[in-house]
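Listed next: structures, encoded as structure tokens.
Heads up, the next two complexes both have subunit A, just with different partners, subunit B and then subunit C.
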Partner chain A sequence: MPPQLKTLLPLLAVFICIFLVARHFLIPESFGKYGHYRADSMDETAAIPINYVGKEACAECHDTETAKLASDLHSVLSCEICHGPGALHVADAEKGILLKPGTREFCGTCHSINPARRTEVINQIDTKEHHPEKDNCIDCHNPHAVWELKE
Partner chain B sequence: MEHLYEMLKQVDGYIYPNEIELHWGILIVLYPYITGLVAGAFILASLERVFKIKVLRPTYHLALLTALSFLIVAILPLVTHLGHPFRAYEIMTTPQVGSAMAIFGFVYLWYLMVVLLLEIWFDYRHDLVVWADQSKGFKRRIYKILTLGVTDISPKALAWDEKLGYIVTVIGIPSAFLLHGYVGFIFGSIKANPWWSTVLMPVIFLLSAMVSGIALVMFLYMIISWIRKVKIDMACLDEIGKFLFMVLILDFTLESLDQVHRIYEAEESFEILHMLVNGKLNITLFVFQGLMGTIIPLVILGLFRMYLPKEKIRIPMYFLVSNLVLFGVFFMRWNVVIGGQLFSKSFLGFTSFKLGMIGAEGFLMALVWMIMPFLILSFILWLVPPWKKHSE
Partner chain C sequence: MGTERINDTRRNFLRKSAMLAGTLLATSVTKPFTAVIFAANQPDKTKPWYGIGIDIEKCIGCGNCAKACKLENDVPKEPFYFRSWVEQYAIKNDGTVKVESPNGGIDGFTQTVAAEDIFKTFFVPKMCNHCAKSPCTQVCPVGATYESPEGIALVDDKYCIGCRYCIQACPYGCRYLHPVKNTVDKCTLCYHRIKKGLSPACVEVCPTGARIYGDLNDKEGLLNKFLKEHHCHVLKPNLNTGSKLFYNGLSAEVR
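And then the complex of A and B:
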């Protein structure tokens, strides 16, 4: 056997052994249980606290607003779309402060003119041209019943 | 939401939301470019070793060391792009054999460990032993480690070096083809993208890799001869020029065939691709890749086949050709990688790409990875200079 191979072959064997040992320690224990990923990641993801509570949880206390919401065009929306995640608020109404937006910018995310949006589905306005004398949309519109205009 | 409206300014026509931003930037352009340089340089080296083209001897070791320096860097644009260097080993420890992309780790490792390092080691073992005896201090220790303890330099052992090195080179040629054919396959196999999806892609990538690798060795040979203040071996340079001409013709023919085929077939994607090459890729495809990177070098090298002017003219011309080819092949990769993401898969619109200066995906980052192989090569050439080899 050539002297080169007498060194190279054992070196290759050592390299493969190191790789296998490293592989043994580097692969997470639950890898491959369900598929080509770490099975424990499922439980870890499931354990992440949920921030949203859903419309029903809001309705338990805020029945007036819920009824109003159901009566008009925004009936399909969930409360937390505008007010933000409510889990903290449900746990402690004092600490979990909810959002009350209503600015042109916020309402404009859905209602500003965009050719890619269908007008039959969402009413759209030019947020700059539409009653520029008013600051915010909620100065006139009641967001829980949008066609119920103030004044 | 404002962010989306800002971004929509870069869109023409209709485009799906996930196509507005290009996910593969200049670093992914660099990856096939650098890998191609490796494969090309190695194939040039194997011409001397396996196909016994002795006139190429002056560039043999340089080509091998160039391939090594660029191969070390080849993965780094990918690692930078992905942004999770500490997870990089996972493609090796938990290989996903169903994914062509995930197999790169093994293709790379095979080429680095089994082909390049082994061939260079067999080639340099004799010199490493001699240099270890002649030098002192730190350098001596490095040479000793590099011999891996095999210090037998009897004629019998040296004959084994030659024989084993030859076997490795023979294995190396299909491996070099595999390495770059594989990179072409990554793009060619994406059936959803008509700009990429062609069976010719691996072959085109391979040929353009050979073109760029040969041009790189040509360029480096001239630069290094100039730095060392030694005379350029014109027979060798002319021979490299001849091979460059040959491979360039093949590359040009195949790429044209691919385009002609597309034009004649005129599938439903044709209209958008037609707009793409005449619009956003106009300069990079027709001027940079076509005219500067292919036609001008072809004309110069073709003229040299008919009439060989004096050295004084040939040397700057070869220098120009090598630079133009390197420039052109870079834009070939650019046109593939960036071009393939510019049009919508709805075939109804375009997005645009603006290369940033700074940031992980910026021009400066790409420049770092482009300069790095030259620094590594300088170090390797300092450590194991081919011109000081015992056998030379």
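And then the complex of A and C:
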């Protein structure tokens, strides 16, 4: 071995040692626990607060409405499909105002005629032709019990 | 002025260096030294291994899944950022295919192809396939995106450097660069919800029950029941991505 290399070898060894030690301190605690990633980031993702609370949370206060909903065709629907996410409302009913849509456009997102929708899955109407003298669907239909028509 | 020579003996210099190295080594012993190479663990058959089922025959294209996804996960409102969206396919009598997705389907769909020209038309909800051999996680240069032990492809937004390599690699177009955070964002299968025992937001709001999510290791679970009862396909099976998003009634025209 040439003498130049012999003098450089310990230096190389020192550099490798420094690299390994520095690497040990720079890599986060949970990195490599399950694979080539930071395992803690899974807990960080899991800690994000939810916005959609689910039907059970709605039923805790609004039991008459949920019972009414369960009696008719819309029974499978989640409350938050129409009323929007309810986490803010659950935390503070005054501030977290929920939606009460019932316009032709809104109901039409499910019920307007489209050949791509299967008739056995959903009842469809022509939202322009169907009783044009009325403004909104909820003027006649109760969305919690759709076959119960208002006066 | 001039440079001041440090009058220190070689012995002193070596002693100081040895002390520094010794302290570092001593602290490194206090927490165990990690292996030089990180190897991924094999999936555990006794733990959940999540997949998704979508029934195209039941989808009515209401766009509630896309809307709920945006509201649940604070996805930017602009109509080109989506974690989950719906496409309307119309296969015409002459064999051409028209695919539409105005605002990802959030505002609903109208059929733009005349009824007499339509051979077949249907909706295809799309989202991350949570592939078992995901191309997107393989290309990340910093280990910021990965498949969790539950089989969910996630992004570590503290580690992501925004190089967009994974966006290019995803064959399903399921990733985007978050305009504020400048990191990659994608469907997490509502990881924060399923860890609390809730279903993902898109599954929660689906009015027809077209979406199912569940544990593929649970042989009697809902998802395995769905897979047994229907002829299910994955998107782009030729790419061998190990996709865990199973569609019932998927036409060959769907890309």
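The rule is short, and it goes like this: the second predicted complex is superposed on the first by the 110 of 151 C-alpha atoms of A that agree within 3 Å, B and C clash if a C-alpha of one lies under 4 Å from a C-alpha of the other, contacts with A are read in each partner's own complex, and residues count from 1 in each chain.
The working rule: contacts are C-beta pairs under 8 Å (C-beta built on N, C-alpha and C of every residue); 3 or more make two chains touch, one makes a residue touch a chain.
Computed from a predicted structure; not experimentally measured.
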{"item": "Partner chain(s) touched by A:75 [first = subunit B, second = subunit C, both, neither]", "value": "neither"}
{"item": "First, second, both or neither for A:50, with subunit B first and subunit C second", "value": "second"}
{"item": "First, second, both or neither for A:7, with subunit B first and subunit C second", "value": "first"}
{"item": "Partner chain in contact with A:17 - subunit B first, subunit C second, else both or neither", "value": "second"}
{"item": "Subunit B versus subunit C as contact partner of A:27, first or second or both or neither", "value": "both"}
{"item": "Partner chain in contact with A:115 - subunit B first, subunit C second, else both or neither", "value": "second"}
{"item": "Touching partner for A:36 - first (subunit B), second (subunit C), both, neither", "value": "both"}
{"item": "Of subunit C and subunit B, partner touching more subunit A residues", "value": "C"}
{"item": "Interface residues of subunit A shared between complexes with subunit B and subunit C", "value": "27, 31-32, 36, 109"}
{"item": "Sites on subunit C touched by subunit A in the complex", "value": "21, 24-25, 28, 33-35, 38-41, 57-58, 60-64, 68, 71-73, 88-90, 107-111, 115, 118, 121-123, 143-149, 154, 156-159, 188, 191-193, 195-196, 198, 201, 204-205, 207-209"}
{"item": "Subunit A-touching residues of subunit B, taken from the complex the two chains share", "value": "1, 89-90, 92-94, 96, 113, 118, 122, 125, 148-150, 152, 157, 160-161, 164"}
{"item": "Sites on subunit A touched by subunit C in the complex", "value": "17, 21, 24-25, 27, 31-32, 34-38, 41-42, 44-52, 54, 76-78, 80-81, 84-85, 105, 108-110, 112, 114-118, 121-122"}
{"item": "Touching residues on subunit A, where the partner in the complex is subunit B", "value": "2-8, 11, 15, 19, 22-23, 26-27, 31-32, 36, 109"}
